[in-house]
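Chain naming follows the written order as A, B, C, D, E and F, and within any one chain the residues start at number 1.
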């Protein structure tokens, strides 16, 4: 697979690893935050951490749209489906995220709500077209990457006069989140308000940047003095970006560099940006799970498209979402805690029984630690013993 | 079971049979038409014919509401369900009646139409109440017996303001049918227009008469000189009624007698009649399968209830209904032919593969002959050979 | 289609115009909207969930008596005997 | 969630603003409403059924060259070796 | 045998089946461990493989399978769990076999309350235990809501037929006596009484029961039984027609001899049904040489599951293979195959 | 064997299943005679009883059952009919058994075109024929529209295990070699390619196939095979975790050694899936002593169904029973149980 296989070359990886090992200053630590869940996933799936010198550690950022969606928004989506009887269309990632009272979209579906997994906003439009008697609500989530497809669907719906289609908009913007993380981590020189783990460098968003370009991250070195490298999602991309950050750090400079030049420019995709500007407007503030209410950090359906706004068409009560006690997702999402620092990790919280969103998405840090990495981690003993007790198996065929 | 078991007493039956045998005039035939399918069913199920002298024969009348419903009306009901997406509620008897192109309500249901079997008009109302999003159409058929329950449902629907309930009315009236049969059979002394088999006496409707009383049949002896005995549906009722007819015939008199006095009066159920008068009006003419279009022989939803008339709410094209070639239902329903006179009987037409409605309802003459009586009948040889070929079985358990 | 069964009224609910009837130990709720002045203990003819009419015990007895009387003639002449 | 895959455009249908793309022999129809001036043969990044962006072959080659160059230093010092 | 521990227990109080329970992953493993394996525990099931291995006892083996799709899942006298055991145990037993093992395939609909499933599995375990059979292997699938109906269970049974026994539907010969083991129609009427739209109430409970012990007692008394069959779907009428067809004979039965409870007769009157066509799940039809009929009847009546047994007719010669009945009224009629459906989904 | 004649043939062109086909009456008898018995014809099925009787060959018997609920019913490389044969034949074969007989329980949804059902039954007959097994008994139920999904088939298989063979999931020991018989993920990807909303196209066909002949060849070469299992639902990852847990061992596999077709890898990229978790229906995992691995590999590769077989790793000591993988990239990671569902209804 072109543009994939080349960037997963194990031989190149070993040589790049040697270079990184050679270039790091053994007298200091390098704490690099990968913003995106895509990076987190790659790091664990390919075992990238194994190839890094011990003093270079990845901190996992909030870049998993599923993980940062506040519970209350899922509660609202379920309420729309159950109270208004709408057909709720959702990307599969969201199905198992715990909402209040440990409900999930999957459970709501099992209980009779009409919830459909889609793979594209086009699927939601198609359902609206063929099932004219039903109100179809697209449960739209995601960063700037996933927003333009929602924008296209809105335009199409209006052009076709689809009166039974609307969007429950939960699209969020990455720069405000990054700003919050850095401010909170004390990277601006002040006291971090939620912790004091300074970050030495940022692996910047990959596919988000194909849309918005790298320019929106230039405030990071300017205001926080922290270097940024826009990094692709393949494991060699991640490693090369780490090397680029090490070099900036070693040189004492801080700028935005672009490792992912094959897809990202400084200005991004102008057509997509224009579509987003037409169909969405900014929200004054929006809650990010773990980060709190951040100003200007999310989008709403634009006034010109208000008739397609599910929040207006199907009003439901908005609550606060009752988080599960003991879940450290908020700190994990800010890079303050590792998943294994959470008391629930592995003992109560596992991917099939998740307490927080970070354990659901394969891009969530907790799920990545659990599924790929628990061989390696200090507190994993609990987790392992939580998994199997003693011998003798149970297999799918030997049921019931 | 009180009022049932007493009227199925085998010892009494044998003695009554002896009396009938003793009283019939061996030099003549007695051809008695049982109007109702209920009588037909009792005659076959209990083997009443076996207990009759050979010169007393029953001719089976048109008194099976399922059998006389024209195909086109079933076509229309299917069209309502398929074209308007309504929920069609129907008594089970109708499910397997062939409509045009050998479709049935059962097949339409299997093909996706929302067709529900109900046991009472109250069930249809209950569906309309709980499934507010659906339009519920009661496919109302039946004689005067079954009409008052539809009337009650109409009144309730209006009282409750049920806007998603309506009635597809196919209720028909028995006296005009009886008049047609007698005129056609030449009982009025004229040339029968469709045959010349005169009837010596009529077993009059049983449960119809509980509603309308016996008075509406007094035109029969008056105009045709044919005796009538309103007869209950239990086998002793049928036998006693036969005896009463034999006695009238032997005495050369013709009047309406009432054997079923425990439930029928001369005037019937005034409350039920009032309800019917309020909710229904007469049709100028209506088609009876086999009998043609008879004037004033059916009911429609009254103007005051027009909003509950499914024919107005869900208009569909009305066709003629394509009868299956060779089916002798029309003649069977008029008592002109016995089912075994039909070439299709047993060779092509069986209860699981019916060509006409008379083979569907257990009150239809063809089904009764086939299911209970084909041991006894001349042309049954064909039918039997149609059923089994040679040894070796297939049973439900030994499938697949 | 015109199947109607005699059943005895066990109790009446005027609020819903319905009654519970019993047939040989089987209980069923039916509408009594079509019958006037029925009482607990009465037998009614039940058709598609509605009581159509009261059954007269006297007339039933009279009919049975007539049948018995007619059958007293000559039991030996019957073909079924 | 931000999963996006490089795939090659096999043909374009301007009427529906869509393209058939291929990834290792797997064909899929995607919307090209978000990209300007793509041509058959181009590689695009596919995300939730949409082409997000063209991939630059030159830049890809340059990145690989940089990686090879960086890795040329000293393969023996790597922990994973 | 020790088991995995899972994080968090199955929520048997408020939980419900969802698609993860059929995916092959941990949620499914947990369902299997904590519900199926826990209640159905036995040495062969504990082998934990894709199949169960066993050493068959000497003799011919009988195998039979039945899908159970009953609605409602719970009914007076039983539920789909015990029915799925009895239905298949009986089919195996109708060869004269002693049932040994069952395999069970579950098809669950998303949304089925786990409490219901647990109740079903416990009932199944109890029925298997009482019948002396073990559920040794199984399978669980989950289908989306609207693609199933709560729970379907297909069971397959294996049993061993003692030497010298030759019971088959093709062995009826003219002159043989026809017996039934008890009152007809209880199961069908019990199910129908729970159909909301039929709206009647009765004390009748399903007769669902395993009959192999009755069969063993019958064989002990009369080893030369010709035919056995359980009159389930389609009732006695269907079973007799099957046997008549298979053996190439006719049958004549006597209506007054056929045991039917008054409440069942009454419910059938009410619904316009004929008890001869109503399903049973704990009754059998036996055909044996006429001279052994009284002995067989005595053996049946001395067994608790055959207390109401009766001789109901005899096999006759008839090239047309009709089943005829002398009615209680004094006439006679054909008892034909069922046409159309009587009422759906009663087993 | 002669059969009944029915009035009117089944309309295999335009007809569809309705409730009468499940009622026990004539419509059902006709369906069984003209479709099931006609295509699946064999001497045991022709016994026509509630059960099939057979004399088992000497040896232990293996029994296994599987419900098949796949959507769509027809897919590249097969359909639910042949799948229902292969799925159960393979489970029986994974004990080293030679499959003998199948029982089949059908649950049909009202409205299923009879043409589809005929196609399914013919495919089943052909698959059984090719596998040398006979469908000897069965059952058919019909459920109302909206209570099923066209056609579910639960098959139960019986086979005989040759003496001296001891293959079980609990027999893997550290040092053993782990082999797979061919490329992974074909079945799952073929099914997904027919899901309308996934909307991709590929040449990949399901690998659905009966593996007992491959197993026989493997046993002939290496009778001391420790474990066999077919990686169906949940894929290779799930099967290895099952075996590790059951045997109380760990496993280490090598990503570059695992055979996966490029198109399958590509489809998985596109959908964000991992081929290790994608279902197979014609592949097996074998575990044997390391010193016999090459012989076993050769035996597998000389068989048409094992042409792409590979040694993919080894059993290791691990009290935690982890399955670990060295990635092609050079790192290592756990290959965990599947969490949640990957995609529903692929077998």
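Brief remarks on what is shown
Rule of thumb we're sticking to: a contact is a pair of C-beta atoms (placed from the backbone, for glycine too) under 8 Å apart; a residue touches a chain by one contact, two chains touch by 3 or more.
This one's a predicted model, so the numbers in the text were calculated from it and none came from an experiment.
The remaining chains, considered with chain E omitted and nothing else moved, are all joined by touching into one piece. By the residue-number overlap criterion, the interface of chain E with chain F counts as same, with over half of its numbers used by both chains.
Ranked by separation of Cα centres from chain C, the top chain is D. Here A-D and A-F are compared, and the pair linked by more C-beta contacts is A-D.
Centroid to centroid, with C-alpha atoms defining each point, chain E and chain F lie 29 Å apart. Spacing of chain C relative to chain D, judged by their CA centroids, is 83 angstrom. The distance from the centre of chain A to the centre of chain E, each centre being the mean of the chain's C-alpha atoms, comes to 54 Å.
Between the CA-based centres of chain C and chain E the separation comes to 37 Å, rounded to the whole angstrom. Multi-chain contact residues, meaning those touching two or more other chains, occur in chain F at positions 4, 19-20, 24-27, 29, 47-51, 64, 66, 91, 104-106, 137-140, 169-170, 199, 229, 232-234, 238, 245-246, 262, 265-266, 269, 272, 330-331, 339-340. Residue positions of chain A touching 2 or more other chains: 1, 4, 13-14, 17, 50-51, 96, 119-120, 123, 350-352, 387-388, 390-397. Touching of two or more other chains is recorded for residues 3, 5, 23-24, 49, 80 of chain D. Chain E makes touch with chain A in their complex at residues 1-8, 16-20, 24-33, 35-37, 40, 45-51, 104, 106, 110-111, 121, 135, 137-140, 145.
Residue ranges on chain F touching chain E, taken from their complex, read 4, 19-20, 22-27, 29, 47-56, 60-69, 71, 90-92, 94-95, 97, 101, 103-107, 136-144, 146-149, 152, 154, 156-159, 161, 168-170, 229-230, 232-235, 238, 245-246, 279, 337-342, 344-345. Here chain E touches chain C in the complex through residues 199-203, 262-263, 265-267, 269-270, 272, 330-331, going by the rule given at the top. Across the complex, chain B is touched by residues 64, 66, 91, 169-170, 197-199, 229, 232-234, 238-239, 242-243, 245-248, 262, 265-266, 269, 272, 320-322, 324, 327-334, 336, 339-340 of chain E.
Contact residues on chain A toward chain F in their complex (touch as defined above): 1, 4, 8-10, 13-14, 17, 44-51, 95-96, 117-120, 123, 235, 350-352, 362, 367, 370-375, 384, 387-388, 390-397.
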